[in-house]
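These are the structures, in C-alpha coordinates.
Two complexes follow with chain A in common, the first pairing it with chain B and the second with chain C.
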Partner chain A sequence: MALRTEDLHVGQSHEVVVVDNLTRTQIVQYAGASGDYNPLHTDEIFATQVAGYPSVFAHGMLTMGMTGRMLTDYVGDGRLFGFGGRFTNQVWPGDTLTASATVTSIEQRDESSTVFFEVATRNQDNVIVFSGTASARID
Partner chain B sequence: MAAKEFPVEAGHIMMFARSVGDFNPVYADAQIAGKTEVAGIIAPPTFVQSSAQYDDDYPLRPRRGVTWFGSGRSASGIAPSAPRDVEEKVHADTAAPAPAPAGGTGLHAEQHYEYHRPLRAGERLTVSSHPGKTWEKQGRRGGLLQFAESVTEYRDESGELVVTARAVGVRTGQTVKE
Partner chain C sequence: MALRTEDLHVGQSHEVVVVDNLTRTQIVQYAGASGDYNPLHTDEIFATQVAGYPSVFAHGMLTMGMTGRMLTDYVGDGRLFGFGGRFTNQVWPGDTLTASATVTSIEQRDESSTVFFEVATRNQDNVIVFSGTASARID
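Our next item is the complex of A and B:
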(Lines of atoms letter the chains of each structure in order from A and count residues from 1; the text may use other names and numbers.)
(Lines give C-alpha, C1' and ligand atoms only; values in the text may rest on other atoms or scores of the structure.)
Protein backbone atom coordinates (compact mmCIF):
# COMPACT_ATOMS: atom_id res chain seq x y z
CA MET A 1 0.00 0.00 0.00
CA ALA A 2 1.28 3.39 -0.98
CA LEU A 3 1.29 6.37 1.33
CA ARG A 4 -1.56 8.85 1.10
CA THR A 5 -1.13 12.62 1.10
CA GLU A 6 -3.78 13.14 3.77
CA ASP A 7 -1.90 10.86 6.16
CA LEU A 8 1.32 12.89 5.96
CA HIS A 9 2.51 16.22 7.33
CA VAL A 10 5.82 18.07 7.23
CA GLY A 11 8.01 17.04 10.14
CA GLN A 12 6.44 13.61 10.41
CA SER A 13 9.04 10.90 10.97
CA HIS A 14 9.13 7.17 10.37
CA GLU A 15 11.92 4.93 11.64
CA VAL A 16 12.80 1.26 11.43
CA VAL A 17 15.62 -0.87 12.84
CA VAL A 18 17.04 -2.15 9.55
CA VAL A 19 19.68 -4.42 11.09
CA ASP A 20 20.27 -5.63 14.64
CA ASN A 21 23.82 -6.85 15.32
CA LEU A 22 25.18 -6.77 11.76
CA THR A 23 27.06 -9.98 11.02
CA ARG A 24 30.14 -10.57 8.89
CA THR A 25 28.03 -13.17 7.11
CA GLN A 26 25.53 -10.54 5.96
CA ILE A 27 28.41 -8.37 4.73
CA VAL A 28 29.70 -11.35 2.72
CA GLN A 29 26.17 -12.05 1.51
CA TYR A 30 26.01 -8.48 0.19
CA ALA A 31 29.43 -8.92 -1.42
CA GLY A 32 28.15 -11.98 -3.24
CA ALA A 33 24.97 -10.32 -4.49
CA SER A 34 26.51 -6.99 -5.46
CA GLY A 35 29.75 -8.44 -6.80
CA ASP A 36 31.92 -6.15 -4.63
CA TYR A 37 34.32 -8.57 -2.90
CA ASN A 38 36.74 -5.88 -1.72
CA PRO A 39 38.71 -7.63 1.06
CA LEU A 40 38.13 -4.56 3.25
CA HIS A 41 34.59 -5.93 3.55
CA THR A 42 35.10 -9.68 3.23
CA ASP A 43 38.53 -10.57 4.59
CA GLU A 44 39.31 -9.90 8.26
CA ILE A 45 43.00 -10.71 7.83
CA PHE A 46 43.44 -8.29 4.95
CA ALA A 47 41.37 -5.56 6.61
CA THR A 48 43.31 -5.71 9.88
CA GLN A 49 46.84 -6.74 8.88
CA VAL A 50 47.23 -5.07 5.47
CA ALA A 51 44.82 -2.13 5.53
CA GLY A 52 45.09 -1.35 9.26
CA TYR A 53 41.39 -1.28 10.15
CA PRO A 54 40.06 -2.72 13.44
CA SER A 55 37.99 -5.28 11.49
CA VAL A 56 36.19 -5.64 8.20
CA PHE A 57 33.45 -3.06 7.71
CA ALA A 58 30.22 -2.96 5.71
CA HIS A 59 29.95 -1.67 2.17
CA GLY A 60 28.41 1.79 2.24
CA MET A 61 25.99 0.40 -0.32
CA LEU A 62 24.84 -2.27 2.14
CA THR A 63 23.83 0.48 4.57
CA MET A 64 22.12 2.34 1.73
CA GLY A 65 20.37 -0.83 0.60
CA MET A 66 19.06 -1.50 4.10
CA THR A 67 17.96 2.14 4.33
CA GLY A 68 16.18 1.69 1.00
CA ARG A 69 14.09 -1.08 2.52
CA MET A 70 12.81 1.33 5.17
CA LEU A 71 11.81 3.71 2.36
CA THR A 72 10.10 1.23 0.04
CA ASP A 73 8.25 -0.43 2.94
CA TYR A 74 7.02 3.06 3.87
CA VAL A 75 6.14 4.66 0.52
CA GLY A 76 5.20 1.50 -1.42
CA ASP A 77 6.75 -0.57 -4.18
CA GLY A 78 8.04 1.25 -7.25
CA ARG A 79 7.16 4.66 -5.84
CA LEU A 80 10.58 6.26 -5.38
CA PHE A 81 11.62 9.13 -7.67
CA GLY A 82 14.96 9.75 -6.00
CA PHE A 83 17.15 8.40 -3.23
CA GLY A 84 20.66 9.50 -2.39
CA GLY A 85 23.06 10.51 0.29
CA ARG A 86 26.47 10.48 1.89
CA PHE A 87 28.21 7.73 3.82
CA THR A 88 29.19 9.68 6.90
CA ASN A 89 30.66 7.01 9.14
CA GLN A 90 31.73 3.43 8.81
CA VAL A 91 29.49 0.52 9.78
CA TRP A 92 31.09 -2.38 11.64
CA PRO A 93 30.08 -5.95 12.45
CA GLY A 94 27.91 -5.87 15.56
CA ASP A 95 26.32 -2.53 14.71
CA THR A 96 22.59 -2.00 14.99
CA LEU A 97 21.21 0.50 12.47
CA THR A 98 18.02 2.51 12.60
CA ALA A 99 16.90 4.23 9.41
CA SER A 100 14.52 7.18 9.45
CA ALA A 101 12.64 9.29 6.94
CA THR A 102 11.33 12.72 7.93
CA VAL A 103 8.90 14.58 5.67
CA THR A 104 10.45 17.90 4.55
CA SER A 105 7.81 18.92 1.99
CA ILE A 106 4.80 17.67 0.05
CA GLU A 107 3.96 18.85 -3.46
CA GLN A 108 0.29 18.27 -4.13
CA ARG A 109 -1.04 17.68 -7.61
CA ASP A 110 -4.38 16.52 -8.97
CA GLU A 111 -3.78 12.82 -9.46
CA SER A 112 -0.78 12.10 -7.26
CA SER A 113 1.60 14.04 -5.08
CA THR A 114 5.32 13.96 -4.35
CA VAL A 115 6.71 13.72 -0.85
CA PHE A 116 10.27 14.74 -0.03
CA PHE A 117 12.15 13.19 2.87
CA GLU A 118 15.30 13.77 4.81
CA VAL A 119 16.80 10.34 5.37
CA ALA A 120 19.21 9.38 8.15
CA THR A 121 20.55 6.06 9.34
CA ARG A 122 22.09 5.92 12.79
CA ASN A 123 24.06 3.30 14.66
CA GLN A 124 23.56 2.15 18.25
CA ASP A 125 25.60 5.15 19.50
CA ASN A 126 23.26 7.53 17.63
CA VAL A 127 26.04 8.35 15.14
CA ILE A 128 24.73 9.05 11.64
CA VAL A 129 26.24 6.57 9.16
CA PHE A 130 24.15 7.55 6.13
CA SER A 131 22.60 10.94 5.53
CA GLY A 132 20.55 11.90 2.52
CA THR A 133 17.23 12.58 0.89
CA ALA A 134 14.50 10.75 -0.97
CA SER A 135 11.36 11.61 -2.90
CA ALA A 136 8.40 9.47 -3.81
CA ARG A 137 5.02 9.51 -5.51
CA ILE A 138 2.11 9.22 -3.10
CA ASP A 139 -1.62 8.93 -3.65
CA MET B 1 34.49 0.90 -17.02
CA ALA B 2 30.97 -0.17 -16.14
CA ALA B 3 29.22 -3.14 -17.75
CA LYS B 4 27.82 -2.32 -21.18
CA GLU B 5 24.91 -4.72 -20.84
CA PHE B 6 23.12 -5.61 -17.64
CA PRO B 7 20.53 -8.40 -17.78
CA VAL B 8 18.19 -7.92 -14.83
CA GLU B 9 17.40 -11.42 -13.62
CA ALA B 10 14.79 -12.45 -11.05
CA GLY B 11 17.21 -14.74 -9.18
CA HIS B 12 19.76 -11.97 -8.89
CA ILE B 13 17.11 -9.57 -7.56
CA MET B 14 16.07 -12.18 -4.98
CA MET B 15 19.65 -12.67 -3.76
CA PHE B 16 20.32 -8.94 -3.68
CA ALA B 17 17.14 -8.20 -1.71
CA ARG B 18 17.98 -10.96 0.79
CA SER B 19 21.47 -9.53 1.27
CA VAL B 20 20.09 -6.15 2.35
CA GLY B 21 17.61 -7.88 4.67
CA ASP B 22 14.61 -7.08 2.48
CA PHE B 23 12.13 -9.95 2.32
CA ASN B 24 9.42 -8.07 0.46
CA PRO B 25 7.86 -10.67 -1.91
CA VAL B 26 7.75 -8.08 -4.71
CA TYR B 27 11.47 -8.91 -5.11
CA ALA B 28 11.12 -12.69 -4.98
CA ASP B 29 7.67 -14.12 -5.66
CA ALA B 30 6.26 -13.58 -9.15
CA GLN B 31 2.75 -14.62 -8.13
CA ILE B 32 2.50 -12.23 -5.21
CA ALA B 33 4.35 -9.45 -7.07
CA GLY B 34 1.95 -9.87 -9.99
CA LYS B 35 -0.97 -8.85 -7.78
CA THR B 36 0.65 -5.61 -6.57
CA GLU B 37 0.49 -2.15 -8.14
CA VAL B 38 3.77 -2.78 -10.02
CA ALA B 39 2.34 -6.07 -11.39
CA GLY B 40 5.54 -8.13 -11.33
CA ILE B 41 8.96 -8.57 -9.79
CA ILE B 42 10.85 -5.28 -9.61
CA ALA B 43 14.34 -4.43 -8.39
CA PRO B 44 15.02 -2.79 -5.00
CA PRO B 45 16.29 0.81 -5.03
CA THR B 46 20.05 0.13 -4.94
CA PHE B 47 20.03 -2.98 -7.15
CA VAL B 48 21.73 -1.42 -10.18
CA GLN B 49 24.93 -1.33 -8.13
CA SER B 50 25.16 -5.05 -8.82
CA SER B 51 25.67 -4.40 -12.55
CA ALA B 52 29.32 -4.78 -11.49
CA GLN B 53 28.67 -8.54 -11.86
CA TYR B 54 28.55 -8.00 -15.63
CA ASP B 55 31.60 -5.75 -15.84
CA ASP B 56 34.39 -7.95 -17.24
CA ASP B 57 37.06 -5.68 -15.79
CA TYR B 58 35.54 -5.06 -12.35
CA PRO B 59 38.60 -5.13 -10.07
CA LEU B 60 36.81 -5.99 -6.80
CA ARG B 61 36.02 -9.55 -7.86
CA PRO B 62 38.61 -12.32 -8.29
CA ARG B 63 39.13 -12.71 -12.03
CA ARG B 64 40.77 -15.36 -14.15
CA GLY B 65 44.47 -14.75 -14.62
CA VAL B 66 44.62 -11.84 -12.16
CA THR B 67 46.14 -12.32 -8.71
CA TRP B 68 43.60 -11.50 -6.03
CA PHE B 69 44.65 -9.04 -3.33
CA GLY B 70 42.90 -10.73 -0.39
CA SER B 71 44.50 -13.07 2.10
CA GLY B 72 45.61 -16.57 1.21
CA ARG B 73 49.11 -17.80 1.97
CA SER B 74 49.97 -14.22 2.85
CA ALA B 75 47.79 -11.49 4.33
CA SER B 76 47.55 -9.52 1.10
CA GLY B 77 47.58 -12.48 -1.29
CA ILE B 78 50.08 -10.68 -3.49
CA ALA B 79 53.83 -10.10 -3.24
CA PRO B 80 54.68 -8.03 -0.15
CA SER B 81 56.70 -5.67 -2.37
CA ALA B 82 53.55 -4.40 -4.06
CA PRO B 83 51.69 -2.25 -1.52
CA ARG B 84 51.05 0.34 -4.22
CA ASP B 85 49.17 -2.23 -6.26
CA VAL B 86 47.01 -3.05 -3.24
CA GLU B 87 46.28 0.64 -2.76
CA GLU B 88 45.27 0.96 -6.38
CA LYS B 89 42.82 -1.90 -6.09
CA VAL B 90 41.42 -0.73 -2.78
CA HIS B 91 40.82 2.61 -4.44
CA ALA B 92 38.76 0.90 -7.10
CA ASP B 93 36.03 0.51 -4.46
CA THR B 94 34.68 3.80 -5.74
CA ALA B 95 32.73 3.77 -8.94
CA ALA B 96 34.45 7.06 -9.71
CA PRO B 97 37.71 7.33 -11.60
CA ALA B 98 40.60 7.43 -9.17
CA PRO B 99 42.64 10.62 -8.95
CA ALA B 100 46.44 10.48 -8.72
CA PRO B 101 47.55 7.98 -6.06
CA ALA B 102 48.53 9.59 -2.77
CA GLY B 103 48.42 6.64 -0.38
CA GLY B 104 45.62 6.18 2.09
CA THR B 105 42.35 4.52 1.24
CA GLY B 106 39.64 4.97 -1.36
CA LEU B 107 36.04 4.88 -0.19
CA HIS B 108 32.56 5.40 -1.50
CA ALA B 109 31.49 8.84 -0.25
CA GLU B 110 28.09 9.42 -1.82
CA GLN B 111 25.53 7.64 -3.97
CA HIS B 112 22.46 9.17 -5.58
CA TYR B 113 19.77 7.57 -7.72
CA GLU B 114 17.06 9.00 -9.90
CA TYR B 115 14.32 6.52 -10.77
CA HIS B 116 12.57 7.19 -14.06
CA ARG B 117 10.33 4.14 -13.65
CA PRO B 118 10.44 0.79 -11.78
CA LEU B 119 13.13 -1.61 -12.99
CA ARG B 120 11.69 -5.03 -13.79
CA ALA B 121 13.03 -8.58 -13.78
CA GLY B 122 13.65 -9.75 -17.33
CA GLU B 123 14.82 -6.43 -18.69
CA ARG B 124 18.13 -5.96 -20.42
CA LEU B 125 19.74 -2.63 -19.58
CA THR B 126 22.47 -0.78 -21.42
CA VAL B 127 24.91 0.90 -19.07
CA SER B 128 27.03 3.94 -19.84
CA SER B 129 29.22 5.90 -17.44
CA HIS B 130 31.02 9.19 -17.65
CA PRO B 131 33.15 11.08 -15.16
CA GLY B 132 31.67 14.09 -13.40
CA LYS B 133 33.20 16.79 -11.21
CA THR B 134 36.35 16.41 -9.11
CA TRP B 135 37.19 18.46 -6.02
CA GLU B 136 39.36 18.50 -2.90
CA LYS B 137 38.69 19.20 0.74
CA GLN B 138 40.75 19.18 3.93
CA GLY B 139 39.38 16.36 6.09
CA ARG B 140 39.08 16.30 9.88
CA ARG B 141 40.42 12.77 10.22
CA GLY B 142 42.05 11.69 6.98
CA GLY B 143 44.19 14.59 5.73
CA LEU B 144 43.50 15.84 2.20
CA LEU B 145 40.33 14.38 0.71
CA GLN B 146 40.11 13.99 -3.07
CA PHE B 147 36.60 13.58 -4.46
CA ALA B 148 35.62 12.35 -7.92
CA GLU B 149 32.14 11.93 -9.33
CA SER B 150 30.88 9.40 -11.87
CA VAL B 151 27.48 9.37 -13.55
CA THR B 152 26.00 6.11 -14.84
CA GLU B 153 22.91 5.85 -17.03
CA TYR B 154 20.87 2.64 -17.19
CA ARG B 155 18.66 2.54 -20.28
CA ASP B 156 16.09 0.03 -21.47
CA GLU B 157 15.91 -1.69 -24.84
CA SER B 158 14.13 1.28 -26.40
CA GLY B 159 16.84 3.63 -25.15
CA GLU B 160 14.72 5.20 -22.40
CA LEU B 161 16.35 6.01 -19.07
CA VAL B 162 15.34 3.70 -16.21
CA VAL B 163 17.83 4.72 -13.52
CA THR B 164 20.47 7.45 -13.35
CA ALA B 165 23.16 6.88 -10.74
CA ARG B 166 25.69 9.40 -9.48
CA ALA B 167 28.55 8.10 -7.36
CA VAL B 168 31.14 10.12 -5.50
CA GLY B 169 34.39 8.45 -4.52
CA VAL B 170 36.82 9.88 -2.01
CA ARG B 171 40.45 9.12 -1.40
CA THR B 172 41.93 9.95 1.95
CA GLY B 173 45.54 10.65 2.80
CA GLN B 174 45.58 7.95 5.49
CA THR B 175 43.52 5.05 6.80
CA VAL B 176 40.21 6.37 8.09
CA LYS B 177 40.05 6.10 11.88
CA GLU B 178 36.95 4.86 13.59
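Our next item is the complex of A and C:
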Protein backbone atom coordinates (compact mmCIF):
# COMPACT_ATOMS: atom_id res chain seq x y z
CA MET A 1 0.00 0.00 0.00
CA ALA A 2 1.41 3.37 -1.01
CA LEU A 3 1.67 6.00 1.68
CA ARG A 4 -1.18 8.55 1.53
CA THR A 5 -1.33 12.10 2.85
CA GLU A 6 -4.10 11.16 5.27
CA ASP A 7 -1.72 8.62 6.83
CA LEU A 8 0.63 11.45 7.85
CA HIS A 9 0.60 14.19 10.45
CA VAL A 10 3.18 16.69 11.65
CA GLY A 11 5.40 15.17 14.31
CA GLN A 12 4.92 11.63 13.04
CA SER A 13 8.13 9.62 12.98
CA HIS A 14 9.26 6.62 10.99
CA GLU A 15 12.39 4.76 12.05
CA VAL A 16 14.28 1.87 10.48
CA VAL A 17 17.54 0.05 11.20
CA VAL A 18 19.23 0.62 7.83
CA VAL A 19 22.31 -1.46 8.56
CA ASP A 20 23.03 -3.92 11.36
CA ASN A 21 26.76 -4.46 11.89
CA LEU A 22 28.19 -2.72 8.82
CA THR A 23 30.85 -4.88 7.18
CA ARG A 24 34.02 -3.90 5.38
CA THR A 25 32.61 -5.84 2.44
CA GLN A 26 29.61 -3.53 2.21
CA ILE A 27 31.98 -0.56 2.16
CA VAL A 28 33.96 -2.25 -0.64
CA GLN A 29 30.70 -2.87 -2.51
CA TYR A 30 29.88 0.81 -2.22
CA ALA A 31 33.34 1.74 -3.52
CA GLY A 32 32.68 -0.42 -6.57
CA ALA A 33 29.20 0.95 -7.15
CA SER A 34 30.09 4.61 -6.72
CA GLY A 35 33.56 4.49 -8.24
CA ASP A 36 34.96 6.13 -5.09
CA TYR A 37 38.05 4.02 -4.44
CA ASN A 38 39.64 6.32 -1.87
CA PRO A 39 41.74 3.81 0.14
CA LEU A 40 40.63 5.39 3.44
CA HIS A 41 37.48 3.34 2.95
CA THR A 42 38.88 0.04 1.72
CA ASP A 43 42.58 -0.32 2.62
CA GLU A 44 43.06 -1.11 6.32
CA ILE A 45 46.83 -0.63 6.18
CA PHE A 46 46.55 2.76 4.49
CA ALA A 47 43.76 3.95 6.79
CA THR A 48 45.53 2.97 10.00
CA GLN A 49 49.27 3.18 9.34
CA VAL A 50 49.42 5.97 6.78
CA ALA A 51 46.39 8.11 7.58
CA GLY A 52 46.24 7.39 11.32
CA TYR A 53 42.60 6.38 11.63
CA PRO A 54 41.57 3.53 13.96
CA SER A 55 40.28 1.58 10.92
CA VAL A 56 38.73 2.07 7.51
CA PHE A 57 35.41 3.92 7.61
CA ALA A 58 32.33 4.22 5.43
CA HIS A 59 31.93 6.77 2.65
CA GLY A 60 29.63 9.54 3.89
CA MET A 61 27.57 8.93 0.77
CA LEU A 62 27.03 5.30 1.80
CA THR A 63 25.46 6.49 5.06
CA MET A 64 23.40 8.98 3.09
CA GLY A 65 22.47 6.28 0.55
CA MET A 66 21.23 3.90 3.24
CA THR A 67 19.28 6.78 4.80
CA GLY A 68 17.86 7.57 1.36
CA ARG A 69 16.74 3.96 0.99
CA MET A 70 14.70 4.32 4.21
CA LEU A 71 13.10 7.44 2.72
CA THR A 72 12.22 5.97 -0.68
CA ASP A 73 10.92 2.78 0.96
CA TYR A 74 8.75 4.96 3.21
CA VAL A 75 7.34 7.50 0.77
CA GLY A 76 7.23 5.25 -2.31
CA ASP A 77 8.80 5.17 -5.75
CA GLY A 78 9.49 8.40 -7.56
CA ARG A 79 8.12 10.59 -4.77
CA LEU A 80 11.28 11.73 -3.01
CA PHE A 81 12.37 14.90 -4.74
CA GLY A 82 14.66 16.61 -2.29
CA PHE A 83 17.21 15.24 0.15
CA GLY A 84 20.20 16.76 1.87
CA GLY A 85 22.08 17.14 5.09
CA ARG A 86 25.29 17.08 7.02
CA PHE A 87 27.80 14.36 7.74
CA THR A 88 28.29 14.81 11.47
CA ASN A 89 30.30 11.75 12.50
CA GLN A 90 32.27 8.90 10.96
CA VAL A 91 30.67 5.51 10.42
CA TRP A 92 32.87 2.50 11.20
CA PRO A 93 32.75 -1.22 10.41
CA GLY A 94 30.55 -2.90 13.00
CA ASP A 95 28.25 0.10 13.37
CA THR A 96 24.50 -0.36 13.41
CA LEU A 97 22.62 2.61 11.99
CA THR A 98 19.05 3.64 12.59
CA ALA A 99 17.56 6.26 10.28
CA SER A 100 14.46 8.25 11.13
CA ALA A 101 12.19 10.64 9.26
CA THR A 102 9.87 12.98 11.17
CA VAL A 103 7.16 14.96 9.39
CA THR A 104 7.78 18.69 9.90
CA SER A 105 5.11 20.11 7.57
CA ILE A 106 2.55 19.10 5.00
CA GLU A 107 1.51 21.43 2.17
CA GLN A 108 -1.73 20.30 0.60
CA ARG A 109 -2.24 21.18 -3.07
CA ASP A 110 -5.20 19.87 -5.05
CA GLU A 111 -4.71 16.14 -5.58
CA SER A 112 -1.28 15.82 -3.99
CA SER A 113 0.72 17.23 -1.13
CA THR A 114 4.32 18.06 -0.44
CA VAL A 115 5.60 16.59 2.80
CA PHE A 116 8.75 17.82 4.51
CA PHE A 117 10.76 15.62 6.83
CA GLU A 118 13.54 16.06 9.31
CA VAL A 119 15.96 13.18 8.88
CA ALA A 120 18.50 11.78 11.33
CA THR A 121 20.68 8.69 11.29
CA ARG A 122 22.18 7.48 14.56
CA ASN A 123 24.70 4.81 15.43
CA GLN A 124 24.42 2.20 18.22
CA ASP A 125 25.71 4.78 20.73
CA ASN A 126 22.90 7.18 19.76
CA VAL A 127 25.40 9.52 18.10
CA ILE A 128 23.98 11.30 15.05
CA VAL A 129 26.11 10.45 12.00
CA PHE A 130 23.92 12.21 9.42
CA SER A 131 21.20 14.81 9.85
CA GLY A 132 19.20 16.62 7.25
CA THR A 133 15.89 17.21 5.55
CA ALA A 134 13.88 15.59 2.79
CA SER A 135 10.79 16.41 0.79
CA ALA A 136 8.37 14.20 -1.08
CA ARG A 137 5.22 14.49 -3.15
CA ILE A 138 2.48 12.26 -1.85
CA ASP A 139 -0.72 11.64 -3.82
CA MET B 1 47.89 18.57 -3.57
CA ALA B 2 44.97 19.40 -1.32
CA LEU B 3 42.72 22.22 -2.44
CA ARG B 4 43.43 25.49 -0.62
CA THR B 5 41.20 28.50 -0.02
CA GLU B 6 43.50 30.68 -2.08
CA ASP B 7 42.90 28.38 -5.06
CA LEU B 8 39.19 29.26 -4.99
CA HIS B 9 37.11 32.28 -5.94
CA VAL B 10 33.39 32.92 -6.20
CA GLY B 11 32.09 31.87 -9.61
CA GLN B 12 34.83 29.29 -10.13
CA SER B 13 33.54 26.04 -11.58
CA HIS B 14 34.81 22.48 -11.49
CA GLU B 15 33.29 19.91 -13.83
CA VAL B 16 33.83 16.16 -14.17
CA VAL B 17 32.26 13.38 -16.22
CA VAL B 18 31.18 11.14 -13.35
CA VAL B 19 29.90 8.30 -15.52
CA ASP B 20 30.35 7.61 -19.21
CA ASN B 21 27.67 5.28 -20.57
CA LEU B 22 26.04 4.08 -17.36
CA THR B 23 25.54 0.31 -17.44
CA ARG B 24 22.79 -1.82 -15.97
CA THR B 25 25.56 -3.62 -14.11
CA GLN B 26 26.56 -0.43 -12.29
CA ILE B 27 22.92 0.01 -11.26
CA VAL B 28 22.89 -3.59 -9.99
CA GLN B 29 26.14 -2.92 -8.10
CA TYR B 30 24.50 0.07 -6.46
CA ALA B 31 21.48 -2.03 -5.50
CA GLY B 32 23.82 -4.49 -3.77
CA ALA B 33 25.82 -1.78 -2.02
CA SER B 34 22.85 0.25 -0.80
CA GLY B 35 20.47 -2.63 -0.16
CA ASP B 36 17.85 -0.91 -2.34
CA TYR B 37 16.59 -3.82 -4.44
CA ASN B 38 13.51 -2.08 -5.84
CA PRO B 39 13.05 -4.00 -9.14
CA LEU B 40 12.39 -0.75 -11.05
CA HIS B 41 16.16 -0.40 -11.04
CA THR B 42 17.25 -3.94 -11.79
CA ASP B 43 14.45 -5.97 -13.38
CA GLU B 44 13.91 -5.02 -17.02
CA ILE B 45 10.70 -7.03 -17.35
CA PHE B 46 9.17 -5.50 -14.23
CA ALA B 47 10.24 -1.96 -15.15
CA THR B 48 8.88 -2.14 -18.70
CA GLN B 49 5.96 -4.56 -18.69
CA VAL B 50 4.60 -4.07 -15.18
CA ALA B 51 5.55 -0.49 -14.32
CA GLY B 52 5.44 0.91 -17.87
CA TYR B 53 8.85 2.60 -17.97
CA PRO B 54 10.96 2.49 -21.15
CA SER B 55 13.66 0.57 -19.23
CA VAL B 56 15.16 0.20 -15.79
CA PHE B 57 16.62 3.43 -14.42
CA ALA B 58 19.21 4.43 -11.85
CA HIS B 59 18.47 4.99 -8.18
CA GLY B 60 18.41 8.75 -7.53
CA MET B 61 20.91 8.11 -4.77
CA LEU B 62 23.34 6.59 -7.29
CA THR B 63 23.28 9.85 -9.25
CA MET B 64 23.73 11.73 -6.01
CA GLY B 65 26.52 9.36 -4.95
CA MET B 66 28.45 9.86 -8.18
CA THR B 67 27.97 13.61 -7.80
CA GLY B 68 29.21 13.34 -4.22
CA ARG B 69 32.31 11.51 -5.45
CA MET B 70 33.13 14.50 -7.68
CA LEU B 71 32.76 16.75 -4.62
CA THR B 72 34.93 14.73 -2.24
CA ASP B 73 37.57 14.24 -4.95
CA TYR B 74 37.55 18.01 -5.48
CA VAL B 75 37.56 19.36 -1.93
CA GLY B 76 39.53 16.50 -0.33
CA ASP B 77 38.94 13.86 2.33
CA GLY B 78 36.79 14.66 5.31
CA ARG B 79 36.05 18.20 4.20
CA LEU B 80 32.60 17.88 2.66
CA PHE B 81 30.14 18.44 5.49
CA GLY B 82 26.91 19.34 3.78
CA PHE B 83 25.31 18.09 0.58
CA GLY B 84 21.76 18.08 -0.69
CA GLY B 85 19.51 18.73 -3.62
CA ARG B 86 16.70 17.69 -5.86
CA PHE B 87 16.27 14.77 -8.22
CA THR B 88 14.97 16.53 -11.30
CA ASN B 89 15.05 13.85 -14.00
CA GLN B 90 15.50 10.11 -14.36
CA VAL B 91 18.87 8.63 -15.25
CA TRP B 92 18.83 5.75 -17.73
CA PRO B 93 21.30 3.06 -18.79
CA GLY B 94 23.56 4.54 -21.45
CA ASP B 95 23.51 8.02 -19.94
CA THR B 96 26.69 9.99 -19.55
CA LEU B 97 26.60 12.35 -16.58
CA THR B 98 28.67 15.45 -16.00
CA ALA B 99 28.67 16.92 -12.49
CA SER B 100 29.75 20.46 -11.72
CA ALA B 101 30.40 22.47 -8.59
CA THR B 102 30.47 26.27 -8.71
CA VAL B 103 31.71 28.33 -5.77
CA THR B 104 28.90 30.60 -4.55
CA SER B 105 30.53 32.01 -1.41
CA ILE B 106 33.60 31.69 0.79
CA GLU B 107 33.49 32.46 4.50
CA GLN B 108 36.98 32.92 5.90
CA ARG B 109 37.48 32.01 9.57
CA ASP B 110 40.91 32.03 11.17
CA GLU B 111 42.86 29.11 9.75
CA SER B 112 40.11 27.59 7.65
CA SER B 113 37.21 28.65 5.49
CA THR B 114 33.78 27.35 4.67
CA VAL B 115 33.11 27.18 0.96
CA PHE B 116 29.60 26.90 -0.47
CA PHE B 117 28.94 25.38 -3.87
CA GLU B 118 26.07 25.17 -6.28
CA VAL B 119 26.01 21.66 -7.71
CA ALA B 120 24.43 20.41 -10.92
CA THR B 121 24.60 17.09 -12.74
CA ARG B 122 23.58 16.97 -16.40
CA ASN B 123 23.07 14.16 -18.85
CA GLN B 124 24.38 13.98 -22.42
CA ASP B 125 21.38 16.06 -23.61
CA ASN B 126 22.30 18.81 -21.14
CA VAL B 127 19.24 18.02 -19.02
CA ILE B 128 19.79 18.57 -15.31
CA VAL B 129 19.18 15.29 -13.46
CA PHE B 130 20.27 16.52 -10.03
CA SER B 131 20.77 20.01 -8.67
CA GLY B 132 21.70 21.15 -5.22
CA THR B 133 24.22 22.70 -2.91
CA ALA B 134 27.24 21.57 -0.95
CA SER B 135 29.51 22.99 1.70
CA ALA B 136 33.06 22.13 2.68
CA ARG B 137 35.69 23.21 5.17
CA ILE B 138 38.95 24.05 3.45
CA ASP B 139 42.17 24.64 5.40
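Methods note: the second predicted complex is superposed on the first by the 137 of 139 C-alpha atoms of A that agree within 3 Å, B and C clash if a C-alpha of one lies under 4 Å from a C-alpha of the other, contacts with A are read in each partner's own complex, and residues count from 1 in each chain.
Keep this in mind: contacts are C-beta pairs under 8 Å (C-beta built on N, C-alpha and C of every residue); 3 or more make two chains touch, one makes a residue touch a chain.
For clarity, every value in this text was computed on a predicted model and none was experimentally measured.
S.K.: Who touches more of chain A, chain B or chain C?
M.R.: B
S.K.: Once the shared chain is lined up, is A:Gly94 touching chain B (first), chain C (second), both, or neither of them?
M.R.: It touches nothing on chain B or chain C.
S.K.: Can A:Gly76 be said to touch chain B (first), chain C (second), both, or neither?
M.R.: It touches chain B, and chain C stays clear.
S.K.: Under the stated touch criterion, which partner chain does A:Pro39 make contact with: chain B (first), chain C (second), both, or neither?
M.R.: Only chain B is touched by A:Pro39; chain C is not.
S.K.: Is there a shared patch on chain A that both chain B and chain C touch, and which residues make it up?
M.R.: 18-19, 26, 29-30, 32-36, 38, 40, 59-62, 64-66, 68-69, 72-73, 77, 80-87, 132.
S.K.: Flag every residue of chain A that touches chain B in the complex, lowest number first.
M.R.: Against chain B, the touching part of chain A is residues 2, 18-19, 26, 29-30, 32-40, 42-43, 45-46, 49-54, 59-62, 64-66, 68-69, 71-73, 76-78, 80-87, 90, 92, 132.
S.K.: Where on chain C does chain A make contact in their complex?
M.R.: 18-19, 26, 29-30, 32-36, 38, 40, 59-62, 64-66, 68-69, 72-73, 77, 80-88, 132-133
S.K.: In the complex of these two chains, what residues of chain B are touching chain A?
M.R.: So the residues of chain B touching chain A come out as 12, 15-16, 18-22, 24, 26, 36-38, 42, 44-46, 49-50, 52-53, 55, 58, 60-62, 69-71, 75-77, 86, 90, 93, 105, 107-115, 117-118, 166, 168, 175-176, 178.
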